[in-house]
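Only one structure is covered here, and it is reproduced in the block below.
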Amino acid sequence: MTIIPSIKRDYLCRLAEQGKRIDGRKFDEYRKIEIKPNIISKAEGSALVKIGNTQVLTGIKMDVGEPYPDSPETGVLTTGAELVPLASPDFEAGPPQEDAIELARVVDRGVRESEVIELEKLCIEPGEKVWIIFVDIHVLDYDGNLFDAASLASLAALFTTKVPAKRFDLGEDFPLPLREPPVSCTSVKFNNVVVADPCLDEEEIAEARLTVATDKNGDIRAMQKGLSGSFTKDEIKKVIKASINNGKEIRKILYKSIGK
Amino acid sequence: MKSEEIKLIDSNGKRLDGRGPLDLRKIKIEAGVLHRADGSCYLEWGGNKILVAVYGPREAIPKHIQDQVKALVNARYNMASFSVEDRKRPGPDRRSREISKVISEALERVILTEQFPRTTIDVNIEVLDAEAGTRCAGLTAAGVALADAGIPMTDIPVACAAGKIDGQVVLDLGKEEDNYGDADLPVAIAPRTDEIILLQMDGHLTIEEFDKALDLAIKGCHIISKLQRKALLDRYQSLIEGGDIE
Amino acid sequence: MKSEEIKLIDSNGKRLDGRGPLDLRKIKIEAGVLHRADGSCYLEWGGNKILVAVYGPREAIPKHIQDQVKALVNARYNMASFSVEDRKRPGPDRRSREISKVISEALERVILTEQFPRTTIDVNIEVLDAEAGTRCAGLTAAGVALADAGIPMTDIPVACAAGKIDGQVVLDLGKEEDNYGDADLPVAIAPRTDEIILLQMDGHLTIEEFDKALDLAIKGCHIISKLQRKALLDRYQSLIEGGDIE
Amino acid sequence: MTIIPSIKRDYLCRLAEQGKRIDGRKFDEYRKIEIKPNIISKAEGSALVKIGNTQVLTGIKMDVGEPYPDSPETGVLTTGAELVPLASPDFEAGPPQEDAIELARVVDRGVRESEVIELEKLCIEPGEKVWIIFVDIHVLDYDGNLFDAASLASLAALFTTKVPAKRFDLGEDFPLPLREPPVSCTSVKFNNVVVADPCLDEEEIAEARLTVATDKNGDIRAMQKGLSGSFTKDEIKKVIKASINNGKEIRKILYKSIGK
Amino acid sequence: MTIIPSIKRDYLCRLAEQGKRIDGRKFDEYRKIEIKPNIISKAEGSALVKIGNTQVLTGIKMDVGEPYPDSPETGVLTTGAELVPLASPDFEAGPPQEDAIELARVVDRGVRESEVIELEKLCIEPGEKVWIIFVDIHVLDYDGNLFDAASLASLAALFTTKVPAKRFDLGEDFPLPLREPPVSCTSVKFNNVVVADPCLDEEEIAEARLTVATDKNGDIRAMQKGLSGSFTKDEIKKVIKASINNGKEIRKILYKSIGK
Amino acid sequence: MKSEEIKLIDSNGKRLDGRGPLDLRKIKIEAGVLHRADGSCYLEWGGNKILVAVYGPREAIPKHIQDQVKALVNARYNMASFSVEDRKRPGPDRRSREISKVISEALERVILTEQFPRTTIDVNIEVLDAEAGTRCAGLTAAGVALADAGIPMTDIPVACAAGKIDGQVVLDLGKEEDNYGDADLPVAIAPRTDEIILLQMDGHLTIEEFDKALDLAIKGCHIISKLQRKALLDRYQSLIEGGDIE
């Protein structure tokens, strides 16, 4: 750690001891969230999400292809993330690195394991032809908390998606059949403080990260701990509680943006 | 490029989207749209949506790629996988690598690279929504983003295409015109001197048609150059009003 | 994760393989099984067979990846192509790269990395036969191999999963339970302090179920921790008997 | 720029000011061009082109495969270029770099956009089976002006190509159906001088490059500007004119070599 | 060569001049060989081979797929080797390097050219469906002589392999149909001495390597010379003779391990 | 390798292409055919057409691959995609990488690598037209190109194969003989000492047959060695006549 980060670290820690954050937020408070749905005309669905200065764009493309042999009657979901060098001086061109892979896999599991997409309604011809959904996460501006921004952009994009049946001579277009989604909320820990929705400065000094996806009943649908620090059981419970609360607010913003 | 049965100009001289032969598509330019980048630009041009971020000059890494007498200009043209009708596999393909190369070369002409030896100036061009003419749109946005980043240049580069459809030379081909037209001529210039810094041509033009098309493309460049300058002025004013600059 | 028609717990509370809800699968651990490695461990856990080799601390190469203040912990989780029902293509896929990342991060927590600046500690985890729970098995074996290599640690890390099947929270999911259960919660801890160093969850748990599952997984970790220590003791004794240590 | 190239640069510039080139040619003059057609027995067509010391070999292979969905009744053209380390101390083994990609794409467009190959005659079964043409450019000795050498070798190779119908049980072999080809001529600019057919010494100090493909009517069929210098409108017109003239001569050499 | 290897080299050479080897073996003597067949439950066949401290595990997987066009009625054999970083401080992660490729190809040729597998009995539907056999060699602990260990592990694994016909709804499982295998024996040369079954110390100073596969009649079925040293004709004949003798003993161990 | 119904030797002892058992195919060798390379050779051998360029000794890059006491010999055997009946994908496959390795090792034996520490000697072998026996042809051409480049060697390496067809040991297998014969034995030697520097064998040979085949292959090497020397002499004379050497 060179001198500047170490000074920043000290400054953030001192603030935290006084119960403060660098941008004036409370420990469990999110930055301003904006969702712009349906902004890419070539995509079947899309949404741009801003959380503070962080911007993530997800685009959905669909195609017709073969189902997996072990689930011949369900559509196929594929999620990818690109940390394009546009978004940060630290992102490099090239095939996805560990961070991008973890990001895509966490978003993917959030959608897949919670069965947000009714994949069983996306069969065209059992064992032969099903709809394939490509969720492509494009990070545009990186100022912390990509997990929540990417997950929210992907959900919003899915909710704007029209299945392009007409283009494939398969009848009329129809909205992608979806269930209630879980909402992801991420917190990080540093210097024994846990804060929600970390900005980049906070992420850079974070010791541990925890993402919790909760549904509208307040049940847990997915979790992912990251970084080389640890959590105590109590800290985890606290993060879960904050995630449920913030999840409720974010769900409202999501629903409003997609006119639901 | 076949003109087949599709009629690209009607009897009133109007093109498929209602434009006259010398009209540009609608263009919108905004500078300084990204937080992390040293300079940035968002540009809409017809159905194209382009975002450009500039980083640098910064030390070129690894060291053995450094040029001891000048900065490397490294433009990277990238299409988002959802920016086209049939999903594009992520990552560079041969087309995007060629475009990255010709744009890098064109930008290098106007950047005062000798001022920053051993560094790299990275110009990341993301095509978010694509509809004919992305290389001109990308280079034009790159010019604004470079200026927004404060990179010293002899001029702000700008690009525009002319082409030939239904036997007629026109400005700024749209999607169908690109697919079914007779020729496409993307051109980039340094607008103060009209030096040509990028030029490609596909199709079939007589010498006379080429001369006409080249003049028309340069004319288009000058119109767009004004929009670039306006976007930078707006950005500068908003910074002044925001108190970021005194 | 669907519980469909398959009954994972019978009317006597027995699971498909005859275990009760709080029972672990059979676990066998052996330390020091490889000649070349600085430390190694062979572990069987149910149908899983895992081999781990530790190399290091050794100079990190190339130099530019070196951390000036601590060792890099580089765990590499790899599945042999014949370890699964449908042959896996050799080389890392996205799943194994994610697992490598979360295991590396978990191990870094317990290793005294500051003692070995500019070095790398490589932890090679080979899954030779796979059957549900390989990441917990791999991390557990890695803990033993690190200790066998004499790498200084604050604690020997250990992992175990809990989950939910047929609506009930149980310990250590087996193959069908993983495929058709309601939730899986792999957890790794530093057993002296119960700090949680790895945690992932897929499925659906109420808060109450989560609390119960987390407690159960930690309980499992403590049982396995004893097996780790026994394996290391056996190894130590065999070295003494072999005359390698006085 | 180290000392030797800088001396060479000065020398070439001084020569140019006296209206001279390093190898005694006039500004718009080509080196000697030789074409050896049909020299690879395993290939369906082939030609070795020498322009001065530069040697490029193109081989054509054909296969039967699926057409593109959007053109179900036309053959498929694929062009690749390898700058194998055999040809220059500066070429490296490995996947094609930017220079090789640009070379292949310029040759490809020259053939494709001018519709040299009558691809519509290469359909075997609409939507199912068409002929696939692989144009593989192998650079053997690099002494400048690869664009023209590669383009000429590829055209000559195409004109020697027999469609191997017999090998695929599809009737008798027949010559690849072709139209009149455009011919590519390349010039470079340095120190405000424009010269045609640059040798390596000239390429190394070139500021800008322009390739112009013209047909037998003197119409323009393709252009590609390269390098980080610029051209004025007048320079471009001058290059076009020289390209038309040189193109006529090269066309004669091409026709003679293929016995046309 | 740094100081330690050079001392080791001198030591081994001096020993050799006295007719001795570093681990007390005779020049033509093998280390202890152990074969543990069928140890991977997910594999169709498997075997772990130990030669001294060297350990190699081969697993066999089978699948149903298309035959090669030029042999529509025979099964397909694919052999791969991974020198995973587990096995040696000098092995690196990543795609197979030259050493792994040569290892896999030598094992592959030993099996393929000697027609150990009756591939012609592995056709399911001519031209459409055949059995595909994946032989995957996993090196676990590298203390020299990978060629023999990998080859022996692969043979033993093949002899334990059951074709999983049931899983593919193709009738009952059956043992992979096999012929008498050749057995590979490797020697290395250093300082004008030739030793069989080199341990790592010996491999590190070896100048030339020769692998000879012989069948039960003592005929030669495959050879591969390696490294940058040379052999005289006489040395080659000597190696062949030793390989025939050792091959007989190893064949006995192989047969015993597979209960034949 | 099956001898099936195809008759490879007729009742008069003639092979498919009319050769007797001890005859080589037609070989043509030319040295110094490329302008840029430090040394080069074009070789035709039956239907094989091979071009070899040698570059070096030159500094090995990156530095960490340098050998402090000798030059690296880096042969790269590459097949042009159009050199075979079914088009080969460009780039190295496993076969060509193995051949590159065994040729590199063989060449290293004769090159005085100790004279050029920290350098690399690159031997680029391009197979332009392929018809059985390309590795022997490539190594033989490489020997000439190395000599043409003035690389100091103890000897000019040369290669030739023997084999067994229709139960008979013959020299230099042709295409059908390679496909349907019983055994193939490519051999390279340093011809002054008959040291064997490359040896591979596929097929089935008794010890007696092997001895006979090895002797035959070495005999073939000596014939070809003369052709190599003649090509180099021709090259040298043309240089003298051209005035390049006094």
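Labels A, B, C, D, E and F are assigned to the chains in the order they are written; within every chain, residues are numbered from 1.
Just so it is clear, contacts are C-beta pairs under 8 Å (C-beta built on N, C-alpha and C of every residue); 3 or more make two chains touch, one makes a residue touch a chain.
Just so we're clear, the structure is a prediction, and the values are computed from it rather than from any experiment.
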Chains in contact with chain A and also with chain C, listed by label, are none
If you match contact pairs by residue number, which of B-D, A-C or D-F shares over half of them with A-B?
-> D-F
Express in whole angstrom the distance between the two chain centres, defined as the mean CA positions of chain E and chain F.
-> 27
Between the Cα centroids of chain B and chain C the separation in whole angstrom comes to 52
Return the distance between the CA-based centres of chain A and chain E, expressed in whole Å.
-> 48
What parts of chain B, by residue number, touch at least two of the other chains?
-> none
Using the touch rule from the top of the page, what residues of chain D touch 2 or more other chains?
-> none
Determine the shape of the graph in which chains are vertices and touching pairs are edges (line, ring, star, complete, other).
-> ring
Following the ring of touching chains out of chain B and into chain D yields B, D, F, E, C, A
Hey, which residues of chain C end up touching chain A in the complex?
-> 1, 69, 73, 94-95, 97-98, 100-102, 104-106, 108-109, 185, 190, 194-207, 210-211, 214, 218
In the complex, chain E residues that touch chain C | 39-43, 46, 53, 55, 57, 59-61, 63, 80, 82, 84-89, 93, 95, 134, 136, 138, 140-143
Contact residues on chain C for chain E in the complex?
-> 34-37, 47, 49, 51-53, 55, 58, 76, 78, 80-87, 90-92, 122, 124, 126, 128-131
Taking the complex as given, what residues does chain E use to touch chain F?
-> 1, 96, 98, 101-102, 104-105, 109, 113-114, 210, 215, 218-233, 236-237, 240
